[in-house]
Structures are given as C-alpha cells and as structure tokens.
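A, B, C, D and E are the chain letters, set down in written order, and residue numbers restart from 1 in every chain.
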Amino acid sequence: MSQLPFDPLLVSIAAPLALALAIALGLPKRWSVLLAYGAFAIPVLMALHVWWHFTATPLPSHGYAFLTRYDTGLSGLGISLHLGLNGIALPLFVLAALVGLAAGLYAIQSGAERLKIYLMLLLIMQGGLMGVFASVDIFFFYFFHELALIPTFIMVGIWGGRDRSYAAMKLTIYLTLGAMVSLLGLIMLYVQSGAHTFDLIALRAHLAAHPLAATLQNNIAGLLLFGLGVLVSLWPLHTWAPLGYGAAPSSAAMLHAGVLKKFGLYGLIQVALPLLPDGLAHWAHPLAWLAVIGNVLIVGVITIAQRDLKQMIGYSSVMHMGYAFLGIAAGGIIGPGGVVLLMVAHGLSVALLFLLATAIYHRTQTFAMDEMGGLAQKTPVLAAFFVAATLASIGLPGFANFWGELAIFVALWKFSPLITALAVAGVVLSAIYGLRSAARVFFGPSTDALAKVTAAHPPVDLSWKERFPALILLAALLFIGFWPKSLTTPVNAALTARAPAAATK
Amino acid sequence: MTMLSHAIFVLILPLVSAAIIALFLRRAGGIAAAVSTLTATAIAGISVLLALRNERFTESFEWMRFGDFAISLGFKFDDLAALMLVIVGIVGLCVHVFSLGYMHDDAAKARYFGGLSIFMFSMLGIVFADNLFMMFIFWELVGFSSYVLINHWHEKQSASDASKKAFIANRVGDFGFLLGIVMCYWLNGTVNLTELAAKGEAHTLVFSTLIPLFLFCGAVGKSAQLPLHVWLPDAMEGPTPVSALIHAATMVAAGIYMLCRINVLMVPDALTVIMWTGTATALYAALCAITQSDIKKVLAYSTLSQLGYMVAAFGLGSLSDTHQHDGVPHTIIIAAGVGAAMFHLTTHAFFKALMFLGSGSVIHGCHHEQDIFKMGGLRMRMPLTFWTFTIGVAAIIGFPYLAGFFSKDAILYLAYAKNTPVFALLALTAVLTSLYMVRLWKLTFLGEPRSDHASHAHEGGLTLTLPLVLLAVLSLVAGYTAFYPKVFSGVFDLIPVAHDTDHTIIFITSLGVMIVGASTGYTFWKSTPTDTLADKLPGLFSALSALRASFDGAYDYYVAKIQQRFALFVNFFEQIFLAGLIVRGLAGFVGLFGLGARALHVGNLNAYVYWFLLGIVMLWLFATGVVTL
Amino acid sequence: MANFLFYAFALFTLATAAGVVASKNAVNAAMCLLLSLVGVAGLFVALNAYLLAFLLLLVYAGAIVALFLFIVMLLDMKETESRGFGKLSLAAIILAAGLLVTGLSTFATRGRLPVGDPALTPALGPDIKLYAYQLFTTYLLPVQVMGFLLLIAMLGVIVLSKRWEGSDDVK
Amino acid sequence: MTLEAVKLAAEANQWGAIFPELLLACLALALLALEIVLPKRLHAYIPDFALAGLVATLAAHLLNLPSANLGKESFNGLLLHSPGGQVMRAFFLLTAILVCLLARVSLTKQKVPRIEFYHLVLVITGAMMLLVQSNHFVMFFVALETVTIGFYILVSYFRTSSASLEAGLKYLVMGALSSGLLLFGIVLLYGVAGNPTLPGHSASAMHYPELAQFLVANPHHFLASVGIVLVLAGVAFKIGAFPFQIWVPDVYQGAPTPVTAFLAVGSKAAGFAVLLVLARDVFAAYDWLVTPALTAMAAATILFGNIAALTQHNVKRLIGLSGVSHAGFLLLGIVALAGPVASVSATGAIYFYLFAYLIASFAVFGVMAHVAGTDDSDQTLDHYAGLAKENPFLATILTVGLGSLAGIPPLAGFMGKFFIFVAAFEGGARWTLALAAVGVVISIYYYFGWIKAAFFQQWTPPADTTDPRPPRTPVNVVSGIALGCLALASIFLGFYQGPLGQWLTMK
Amino acid sequence: MTSATLDHYVLISALLFAIGFFGVLLRRNTLVVFMCLELMLVASTLALVAFSRFNGTMDGNVFVFFILTVAAAEVAVGLAIIVALFRKRQTIQLNELNSLKN
C-alpha cells in the first residue's frame, strides 16, 4: 500500500514530538525554528501520501489501512500502539496535518516571546493530534488527546490575552472533567465488553459477536456523551470554550478549536456509534434537543450579541458543534458522514478565523469589534480572507462546511423534521452574526478608534508570511467545497462497510 | 464538441475567469475587466448557440455520496433552461459591456468584474441545475455574488448594511427552500427534476402542501416577495449595472425560474398562497414606487411589482381543456402560469435591464446624482438614453405591441380566466405602473434641468450606449412569440392567449389601464424640484410613504429592538446564570468546602485525636455490622 | 484467693490509670502511672508471667517512669494543666466518653471468648528458658532489628539534645 | 530443647535472603564508624559514600530480582519473599537514594549533624524493606516501630526550627497512638486465633498464613473483626487515609523537606505494601468488613484530600494533602483487590502507581528543596512566582512532576491512575471510581494553580520589604541530573512501560 | 465469685486501653499525654500475656519483650523531642503548640 520504507503514521506522530523533546533538551533557537518547518511539514507530506495511497488497494473488511502495531508493554491489558487509518480517520488525519502546518507557520512568523517554548508546546500538540487520529487503539486515542491538551493550558496561561489565568484554569478543569468522564466510559466499555482489549478492530469484532446489554450500552453511551460533550462544548457544558478561545494565543486556538476539539465527535463516531448503537440511539433525542436548542439556537443568539471578535468566533464554534451533535444523533450513514465532513470543514475554517482574528488584532490592537470598522480600505486582502472564512463558516456552498451541514440536515429530517426546522433556522442566525462581524470589522467608514490606532501603527495588508498559512486553510476549504467526493468517498466507504445490516436511513 | 461539453464549458468559464482575477489580476483592473467581459461574450455566444441547436439533454455527475444519499452536479437542458440561459447570457453581456464604461474609473475594478464573473457562474449553475440540491447550492452562491457586488463600495455604511440585509433576507428564504428540498427528498426519494417529472407522469409522486410552500420560501427570498422584499430596494446601493443584471433581470428572476422548475410538485393550496403573495407584492410595490425620488429605487419597486406579477401568474396555475375522447375525459393543458410567468420574465428582463442601464447612463451623466427631482431636461442632453429609456417605459407600462404589452396581457388573461379579484388587483397595479413610470420618465427627461449636474449631463461612451440600443431593440421585439425560434416552444406554447371576446376584454382593459395611468402620471406631476403629490395631496403622500416605510420600520425595529435585545439578554443570562451562578457558584461551593476542610487543621493535637476516635468509630461500625456498604 | 488478687489488682490498675488521666499535676500523673504499672505487674503474676512482671517493673517503672519524673522536674513547669474546657470541647469530651463506653460495652458483650479449662493449658510464662529459646531462634531477626531500633533511638536522642558545634539554638 | 533444635531453628535464619537489608545495616554502621575514624575534613564525603552504597545495594538487588528465595518463607516464617516484596525493596532503595540526594541539597543549608541523618535513612529503609516482607505480626510490629521511631527523629531533625520539633511531637503522639491501636488489634487477633476452643486455631497465631486460615474458619468472629479494624486503623495512619490523615499537613509542613519526601513516599508506600498483603491475603475471609471499610475510606480520602488541598498556599501542606488524595486512589486499588470480584490487574496497578508517585513526588520535592532557600520553612506558592523565568529547568521539572501527580497523559501518573481505574472497575467499585474522577478534576485546580504560580505569575515583594524572598539554591550537576532523570522517567514511563508493563499486567 | 477468666483480663486491658485513649484525648500536658500513650501500650501487653496464658502459646509473652523495648525507645525519643521543644518554646502545653496549622 505504502511504498515508504518507514511507517508514515508513526513518523508523522514522532517527528513533531522528537523535535519538541530536542527543544526541551536545549536545541538552539535558530535550529529549533529551522527544524520546526520540517516538523510541521512532515505530517502534511505523510498525510498527503497516505491520502493518495489510501484507496490504492482494496481495504480489508475492517476498513483500516496502514496498520502497524507497536507493543509498549501493555499487551497484557490488551493495549498496544496500534496505528492505522480508516475512511473516517483519514480526513481528520489530513485535517490535523494541515491545520498543524498552518498553525506552525503562523507561530513561527509571529515572533512570540519565548518562541522556543511556544514552538515546543505547539509541536507536542501537533504530535498528539496526529496520534489521536492515527490510533486504532482506544486507549492511545485517548492518551494522545490528553497529550495534545496539556500544552493548551500552558499556552493560554503564558501567551494568552485577557483573563488568561482564569481562562486557562477554567479550560483545564472543564476539559479534565470531560476527559475523566469519557475515560470512565471507555474503561467501562473495556471491562464490560469482556474482550479485554482496547483495540477498536478487535473490540468491534468481539461486540459484533457478543453485543452489550441495552442498559449497559445506555450507561456507557451516557458517560461518553457527557464526557465527550464537555470536550466538544455541548450546551450547557460549553462555557469554557468562548472564554478559553478568547484568551488563547492564535496558534493554540487554531489547533484546539480546529482539530483537538474534534476528538470528542470523532470518538463518538469511531467508537460509540459502531460499538454502542443502541446506547447512542437511547440518548439521541435528548442529545438532539440539547444540541438544537442549546448549541444552535441559544448559542447562536448569544453569538450575535458578542462584541469581542475572538469570543464571537469561539461562540460560533460552539454553535457549529451543535450541528455535529445533531448529525450524530441522526445516525445512519448520512448523519455521521456529514459530521465528518463538517469536522474537517469547521476545523479548517475556525482555524482560519482565529488566524485572521489575530492578524486583525495586530493591525487594530484590539479585539473589540466596535473599535474597528472600515479596515477593508486599508487591508483589502485581509478583508477578503476574513469574509471568505466567515462565509465558509456560515456554510456557504463552495466551501467545505456547506456539505457537512447539508448532509446533517438531510439526515436530521428523517430523525425529526421539527428539530431539522429548528436547526436550519440556525443557518439564519449564523448568517446574521457572521456578516455582522465582517461588516463591523471591515466595512463602512473608518471609526475614530481605528483612526487613532492606525495613526500610530499604519496598518499593512496581510503579509505573505501570514498569507501563506491562511492560504493553505482556505485552499483546503475550497478544494473540499468544490470536490467533496475526495473526502466523502473514503468516509462513505467506511460508514457503509461498518453498517451493512443497518438500513441506510 | 458535444453540447454537454459546451454546457460544461459555459458553466466553468466564468468560474475560471473569477479565479484568475482573484488570484492574479487583483491590481490589474483593466485586464480583469477585459477577461470578464470576454468571458461574458463567450457565454452569450455559446448560450445562443446552445439554445438554437435544439438539442436538449440531461446529464449528471456524482458530487458526493453517503449511503444512498447522493448529490450530483447535473445538467438539465430543456427549453426552459435554454430560454433562461439566453436571457442570462444576453443581459449579462450587455451589463458587462456597460460596466466597462460605467466602472471605468473605479479603484476596485478587478473585484467588481471578478464579482460579475462569479455571479455569472452562480446564475448559470441555477439555470443548468438538474436537481434541487444543486440548484440550492448555486442559489446560495448567487446570494453571495449579490452580497459582494452590493457591497462593492464597502466604505459606505449604507452599502455595507444593504449587502448584509440582502444576504440575510435571502438566507431566511433559503431556510424554507432547504427544508422543502430535504422534505421532498425523503418523501419522494429524489430531488432530481427529471425523475420528479417522470414520477409526476407516472402519478407516483407523493404530494404535500408543505413541500411547494417551503420551496416557495426560497423564491420569496430571492425574488423579493412580501414579506422578504425589504432587501431589494436597499440593494440599489450597489453599482447600477449590478442592479440591472442581478436585481432586475436575472437573480431575482431565479425565484420564478425555480418555481417553474418545480411545477410538478405544486398542489392547489400552495398555488393559492403563491398567487396571493404575488398579487400582494405587485400591488404593494407599485404603491411604494409612486413616492420614490431616487431613480433606482423607483425601478427597484417597479421590479418588485413585476416580480409579483410573475409570481401571481405562476400561482394562477394552468388553464386546461377537457375533451371527451372515446368517452374518456382527457385533460389537456392549453396554457399555464409557467408560460405566462416565463414570458413576462423574459420581456421584463430586457426592458428592466434596459431601464436600469438607462438610469445608470443618467446617473453616470449626472455625476452620480440619483434624485429625479434634481434632474429634468435630460432629453436634449442625453438623447440616446432618452429614447431607449422611453422604449423601456413604454414596454413596461404595456404600450401596445411592445414587449410588456404581450406578456402582461397573457398574465391578465390568465387572471381573468381564473380569479377575478386577482384580475382586478393586477389591473390596478398596471394603472399604478403606468402612473409611476411616466412620472419617473417625465421628471427625469422632460422639463428643465433642476440642478448643475443635470444641466451638465452628457451622453456616455460607446460602451454605455451600445448595450442600451441592443436592449431597446429586444424590448421592442421580445413580445412577439414569433420572434423566438421554435426551440423555446416548450415554454412559449404554454403562454395563455386570449381569444375572441376574452381577447377584446383583455385588450381594452390593458389599454385602458395604461392610458389612465400614463395620462394621470403625465398631467399630475410637474417638473418641479419637489414632489407634486407631496405638495397637493400630502395626506396620500405620507400614507404611501408610511406604507413603504412600515416594512423597513418593522425590520429595523426587529433588528435593533427585538433581535439585538434578545441576544443581549440571552448573553447576559448565560454570563450571569450559567457561567456565573452555576459554574462559578459550583466552583465556589467546592472552594467553600476546601476552606472548611482547611479550617479543620486547627493545629491542636487534642483535636486531632478526635479524628482518630472518629476513624475508630467508623471502622467499628463496619465491624459491628451497623453500617454496611 | 487468686480471684481476689485479680480483682484487687485489676481495680487498682484501673483506678490508678484513671488517676493518670485525672491528676492535675504531671508529677502526680507519673506517680499514678507507676502505681498502675505495679498493678499490671500484679496481673502478670496472676497470669504466671513472673519474668514479664519483673521486666515490666524494671523497664517501665524503673526506667521509663523515672525518666518521665526526671523530665518533669527538669522542665520545671510553672503551671500545671490550664484548667477549664470550653463548651464545645466539653461536649466533645462527653461525646467521646460516650462513644468509648458504648464501644467498650459492645466489646464486653459481644467479645466473649470461650475458654477451655485454664488448668489444662500449660502455663508457659514461668519458664525462662522458653523465652531465651524463642528469642534466639524464632525471633532472632526481630531481636537484631530491635538492636538497630535502640541504636537509632540513642542517636536520635543525641541528635536532638547534644550541643553541636556551630549551632546557635541551644541556650 | 536440644542443641539440634537450636541449630535447626538457626538454619531457618537464612541471612542470605535478606542481604540487601544486611548491606544497608552494615552501611549504616560503617557511616558511624567512618565518622569516628575519618578526619573532619573528609566527613563531607560520607554522604557520598552512603549514596554509593545505596546505589550498589540497589544494583545488587536488581541483579538478584528473580531471587531463588522467591515464594519461600525464611526466618521461621517471619519473612516471606514475594515478587511484590522484591519490587518494594527496589522501591525503598530507590526512595532512599533520592532522599539522600535531597538531603545533600537541604542539609547543607542547615547547621545540623549530617551523618546521623544518612544513618537513620539507611536503617529506616532496611526496616521498611523488612516490613513489607514480614509474614508475621511480631516482625511486622518491630519493623514498623523501627520505621516509625526513626521517622520521629527525622521529622524533628531540624531541631533549630521549632516547626520541625513541633511536627516531630505531633507525629510522635499521633504515631504512638496509632501504634497503640495497631498493637491492640494484633493482640486481639493473636488472642482469638490462638484460642484452642475455636476451629482452625493456631499455635502460631501471629503467622500470616495461619492467621488467614483461622479467619477463613471463623469468618464472622467479633473480636477478630475488632482486631482487624484496629490493625486497619494503624495502617491507615501510615498511609494517611481519612480520617487518620489529619496529622499529614502539619507534619509535612514542619518536617525537613527530604524527610517530608521520605514520609510522603517511603512511609506511605510501606503502608500500602503492608495493606496490600493484609487485605489481599491475610484478611481475605473478612472482605465483608475490609472491602466496605476501605471503600468508604477511599472515597472519603480522595474527596477530603483534594478538597482540603484546594485552598492551600503552603506547598508542603499542599503536597501532603494531595498525597492524601493519592492514598485514596491507592486505596481504590486495594479495594479492587480485596473486593468480592478481585481484579487481576490491581496488584500491578498499585505497584505501578507507587512507582509513578515516587518519581513524580521526588521531582516535585527536588524542586521544593531548591526553591526553599536557606530556611526550609519558606514554602508558599508565592515563592514560586516567576520561577519559569529565573530557572526554566526547575520549572519544567516541577511541571512534569505535578502533571504526573495530577495524572495527565503522557506522564507516568496518568498510567498509574488508569491502571487503578481499570482495576477498580473490574473490582466493582463503580461509585468510588466516579468520586475518584471528580477528585481528579478538583485536583487539577491546585496542581495547575501551582504550575500557574511558577509560570504565569511575577514575584512581587510584599509591601514591607523586610521579608525578601530567600535566594534559590542553584542546581548542581548531581541534583540536576537526578531531577532530569526523574522527569524523563515520568515521561518515558508514560509512553512506554515495556517489560515493566508486561510484568505488571501479567498476573 | 467466679474465677477470673480470659474475658476478664481482656476487658480489663480494654478498659485500660480506653482510659489511656481518653487521656490522650483529654490532657493538654504533653508529658501526661505521653504517659497515657504508655498506658495504652501496657494495656496491650496485659491482653497479650493473658492470651498467651490462656492460649498456651509462648508468642505473646515473647512479644511483650519487644513491646517493652519499643516503648522504652519511643519514650527516649519522645522525651528528647519534648525537651528540645520546651527549650524552644518554653511550653509543652498542646494547645499552645499549634504553630503548624492550616
């Protein structure tokens, strides 16, 4: 399948981590930065390589390719570093690599204080993220997620903006809560399945033969939904997200909101859906109502009221996670498929938005949208990027997000037309806040506040160093937007193969 | 090259043009304009070629798939699409050429022409779409292009607001549109237009009143019907050629086109709703147009009114004739709303584009003066514009044997045959149309100049006048069905044609309303710097103004007072109640326990011994079986 | 007779033990402790553990209590126990006492052990050789450990008490 | 009573089986001898000698890990050489090495005798090693008391500081009280199990296997259960389980930092190793009592430890109370082991957790020893402000250590918690497990609060600048390497457990 | 008068133990507290000797040796600490020895 003499998955995990370790051990700054380009680029190359070769040969019945297993000493517990990708993991793996590269490039050019440590933490995140989506073993899937999570706290704390201390603490406590509860769920699954393995493939085979009892499924699914719900900011457990993202430095916010947050949804799709179908179905209605009323409508309305650009983006991200939950609640093939698409798309677009928000901040010295206005006259390219990113995030066709939302809505109707109607109403809300923010920041006449700032620092348009990472993300959004099949084919294959019996509802 | 590859080429070409402009020609406005205009020329040429070749085809390519759910990128090229394609191609070309002159000195010319190309791409997508999902995709893209173009002069607060409003109002419509599509998908298992039509033939279609109504929401948004019409007058903040292209001839007509596309899904209840919506819009917009002083706003309300006509025409449904054939009743549709609506759409596209471009020419000539009370006397200074504009006015008010005359008659006849109240209201609208159009025409072109700009007005260059002439010619001839090649028979055969007494009644009515309206308008309004109506009948004037302002007022009130306050309230609730009271409260609660637990370490050994006692007692209770877990 | 001796010693022991708790003065407490130990030694004798009784008196009474007295004198505290408990601590004490009594009563009622005839079980206590045998065979390792225990105790006392060069704390 | 019998008994005393302990004893004596023999100027090298000896002993022990005596009793059944015992021996030797390293940092700043400190550490280590291998209550008690009395001295070792002395006194009184309880429990068990009228009685009632047999024969004897309860109370004091944890913060705060570390890691681990044997093997028949009691204890311990630590500003008290919560997690492992559905992986989980805790704790204590300055009592969170800027190395070590204690992947502490959780789930302690999860979340607040202080805060001198922050001790090569190794070990063990993991999960 | 059986001895020792515990709970003079702790140890030895006698095994008696030794060591160390502390603080009242607290 892959002609490389090494395991591309392991390399893409290990390369960033190795550099992070080297930096920790005292690599000089010049070399750190130089090598960081490579460490962020390698996962992308690997991801593209893997993507390219994914369908080269027919997949085995479990749907995974590039399987390799490394024993870390826990094979007795049924745990091993089992790497591989299926059609669902592949898009997210590529996403992680791309956003990682963009975040890395943006971080390198940002010239942050203590850049070495910043890069080191970012690299740890990157390595963890690659690991999350490359792990077939549920334990390592969780493990890598946590690995990627820790740097967020420190990055928010050191390089964060307003309220960073409180935000960092709240973020960490919330995310730990979510992680702990989902860990309990996973342990419950591990013990109760009787398979005594965390290996997803083996577990799936085992549970196909010996399905779990209904109550058990409900309990485990409940734990996972709560835990992962916190991680993915399911209403009303979401309050960490806007605060945290509002305070986080751009690259951390990009990686976290863009990729890391997808862990929970990915877990639900990859683990909960195939292993606990009845359990998820049991919770589907409460979940859907919570998501549609809470995430989509309430948070959507709240987003309209935001004055701080970054918080606004944070809230909009929370809102879009509502759609993802709706897709999972809807089930079948279309719903989860749409969620995978939406995850990738949202990851790219929200990362792009955070990147641009920071770029705006550098020009206006504020995140308060009231104090901007008319910036487009000075920075047309930045404005174009921002408008494109905003439109992508509110689901304009031509961008990847649209496909995800569309598939989710289609799936949702079968689940509940009423919920669908409410969810689609959210599209209007997102148009309102999206366009409003673009207008407040860029259009209309220049405000006095902006004039004052620009008098001191004449704003320059997006430089190429900033533009390049943004272009990567935007290009990916457009690529998927115009050619969704590139992503949906593997996803569809994986989902269809997984549920041959389940009606394609 | 096959026809299909031509179609694909036509669709892709403007996208490529837009991409090239966005990527490489951002600073080279002249080249960008050339690229875009050449593209438009090619599109117009190939469109006409495609239409005339009388080859109709359907073809689709899978775009994405989840399980059984697939969305395809498809082409359904039938007579309806061919007609629409030609309209879009020709009007598009005219507007491009006109823009060359009109936007010559604009700093962001590249963005403008890029936007035009994107618009062409989106609009062609709607035209070709063979399924509703694809139509929805391009539907939204059209909205986006409109957003970009209205917002062209983004440093103006009004332009920024108008573009936002346009997009959001369209989104509201799309909300229903999407629901309709999804509902249709689950009910009928497909949203492919050909398959739906086949199902309709085979009588296996599952009907629901909700589906057409939901889908109609999309048309309400895009074609600016009540109550989502608010965005269209504001959209006049965009450059005038944009108004001509998007907000008069093509995009707003997409709603009508879409309705015609989904005709098979219609049920009588839905048609009634559509009909009344159209009628109401037609009348309301005509009333609003009377008091406008901005030349483009008058045209905008006129557009609204005409769109209402088309929607009403569609809603009136079909005229059928039942034959006894071998003892079995056979129903033959001899005429349909589809035909009337599309006919009016076609003629309207030409004469309304003509008038918008004419107004653009006027505005250009008057150095961006748009107030008709500051114009006057342009007949002498801009003769070509005057004559072409006059043709446009004559066409819209239904001057006999001009384009509007025929299409309006077709609609009136349909209304007459189907529903008398609607007929009456539409006739009244026609009176009003003549009234305000003549008012506009007189105030702009006749009398004496009322401002410096007007007195120094001059005709624009060739790029400005050539499109006017072309469109004027079309406005003259487009009403004759014979003018159209046979290739559009799929549409034009359905145009209701009155015969005998009906014909006479309609003819007289039509002529009557035109004369009444035009003469009143001509005699009543004087070429003065103030509105004659406001001077003489201030009560009526303010009533009409209030009628117009009521929707905008309600809209503004909703945005500022309800939506914003509600958002702030919910935000406040979240900050105080959820993030504050519950989350911080919980943290504080735990922290309180923490302080309590901390306070237990009093430092005194005697106190600590009690803890041991406590422990022993606890364990003792387990041992004695008093407590079990 | 044996019974009488048992009850006498038992009562004496408990009474003097109570004296330790109750006496206001540390010297009195120490004296009570001494007497209590004597009572326990008496009970040891009643249990035929003569050697242990002897040892108890020797080690405890002779060494430990003496040490206590010595320290009491050395520290020469002006004041004895500061009297008076607060209401809270009084309540706590009563509660504690109640709990202890309850516990003891359950212990006394439920903790009954059946015994065979004591005459039939051999009284091993008097046999001194047995102690030696056990200590030097079975329990040799603990004895060695005990040696180290005493060593570190000694070292500890030195560390804590000796005046070290350079240390300025000792007055 | 013949000479042969004595010989026979003496043969049972296989001194070779306890050669690491003997080595330590000899080393301890050698230190005292060297102090007398060597000239004063060479005294500074005696601690290095002790360290070298410890390392050598550890190496020898590791070489002998699969000992021939494994699974056998020695010293007439006083000791049982089990795999767990082997692990714990290595554990204590490692602890001792690290304590000595810490002492090298801390003691040099104080005017106190040094060599005696190392001597005490060696003796206590030896006693702990015997304690965890003891198979008989006499051995158990004697070893335990040696450890405890040694700690009395160590805690009050900085006798120039009244805090140290007060801590010593508190530890002494509480320790003696718990010893009293423990002893009475042992006595009751001895009395009951030796009672000739009861079924399954034994002539050697303090010998674990025989006691266990007796308990199996009398599964609901009241006095036996009281004895068990008292023994549990005594052990609970050692491990600092609720409600016997109350002494922990005061004593930890007052004790010299190396001793705090020794207490926190060594003493606690010894308690758990003992509890593991008692709960799993000896008191197995009384799981109706032991399991609920320990479950309740675990739950209360986790909650109390975390909640009480939440608002602490003194890092030594903080680490003490967090240690209490760790005791709760370990108790959870014991519960999993002792419960009706014994978890197969619980034993390994407990050992792994202990090692992870050892590594992480010493990393943190190492940083504490450096930050404290000359006066060992300056140990509040404020002293950590700006640490990341001034000494990124220490700050990094601190982060890794605290992260591991908090149980954050990829650090060893997480794996420990994970194993415990799996075991607890298998053992059926679901609700306690849920509480434990809550505990982890609460603990994040104070652990990260500490990191926050080191990374995000700046040192602002108090308004009256009479109290300047004590200077930080510069990190020398040896402690630098040691701390670095600890941090790396925390990371490494998190990623890769290798043979260790295989060995632990094999059972 | 019934003869003194094992129960009596055990009860006496339990009482003695309880009195000791109560003393630790109650007294504020460190030295007296310490004496009470010794009482508790002695109570254990009493039970031990009684059990040893009635069980007919020698272990209990031997154990007493160890306990006595431990007690002696404990007292030595304890008193050393108390003395050192008194030198520092001029008091051995427990309620005044509470500088280490929350």
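Here is the rule we use: contacts are C-beta pairs under 8 Å (C-beta built on N, C-alpha and C of every residue); 3 or more make two chains touch, one makes a residue touch a chain.
Predicted model only: the values in this text are computed from it and were never measured.
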TODO: Assuming subunit C simply isn't there, give the groups of remaining chains that still touch in a chain of contacts.
DONE: one piece
Task: Furthest chain, CA centroid comparison against subunit E - done: B
TODO: Determine the chain that sits nearest the middle of the structure, using the mean of its CA atoms as its centre.
DONE: A
TODO: Find the chain most remote from subunit A, comparing centres computed as mean CA coordinates.
DONE: C
TODO: Report which of A-B and B-C is connected by more C-beta pairs in contact.
DONE: A-B
Task: Distance from the mean Cα position of subunit E to that of subunit D, given in whole angstrom - done: 26
Open item on the list: So the centre of each chain is just the mean of its C-alpha atoms; given that, what is the distance between subunit A and subunit D in Å?
Closed with: 42
TODO: Return the distance between the CA-based centres of subunit B and subunit D, expressed in whole Å.
DONE: 77
TODO: Could you grab the centroid distance between subunit A and subunit E? Build each centroid from C-alpha atoms only and quote it in angstrom.
DONE: 64
- [ ] Any chance you could list the residues of subunit A touching two or more other chains?
- [x] 173
Open item on the list: Which positions in subunit B are in touch with at least two other chains?
Closed with: 598, 600-601, 603, 605-606, 609-610, 613, 616, 620, 624
TODO: Note the residues in subunit D that touch 2 or more other chains, in rising order.
DONE: 138, 142, 145, 149, 152-153, 156, 159, 169-170, 173, 177, 191, 195-196, 222, 226, 249-250, 312, 317
- [ ] Would you please name all pairs of chains that touch?
- [x] A-B, A-D, B-C, B-D, B-E, C-D, C-E, D-E
TODO: Going by the contact rule at the top, pick out the subunit D residues touching subunit A in the complex.
DONE: 345, 392, 396, 399, 403, 408-410, 414, 418-419, 421-422, 425-426, 433-434, 437-438, 440-441, 444-445, 448-449, 451-452, 455-456, 495-502, 504-506
Open item on the list: Touching residues of subunit D toward subunit B in the complex: what are they?
Closed with: 169-170, 173-174, 177-178, 181, 222, 225-226, 228-230, 232-233, 236-237, 242-247, 249-250, 288-289, 291-293, 295-296, 304, 307-312, 317, 442
Task: Parts of subunit C lying in touch with subunit E, wherever the complex brings them together - done: 2-4, 6-7, 10, 13-14, 17-18, 20-21, 23, 26, 29-30, 33, 36-37, 40, 43-44, 46-49, 51-52, 55-56, 59-60, 63-64, 67-68, 71-72, 74-75, 77, 80-82, 93, 96-97, 100, 103-104, 107-108, 111-113, 115-116, 118, 121-125, 130-131, 134-135, 138-139, 142, 146, 149-150, 153-154, 156-157, 160-161, 169-171
TODO: Would you tell me which residues of subunit C are touching subunit B in their complex?
DONE: 89, 92, 96, 99-100, 103, 106, 110
Open item on the list: Please output the residues of subunit E touching subunit B within their complex, sorted ascending.
Closed with: 21, 24-28, 33, 94-95, 97-102
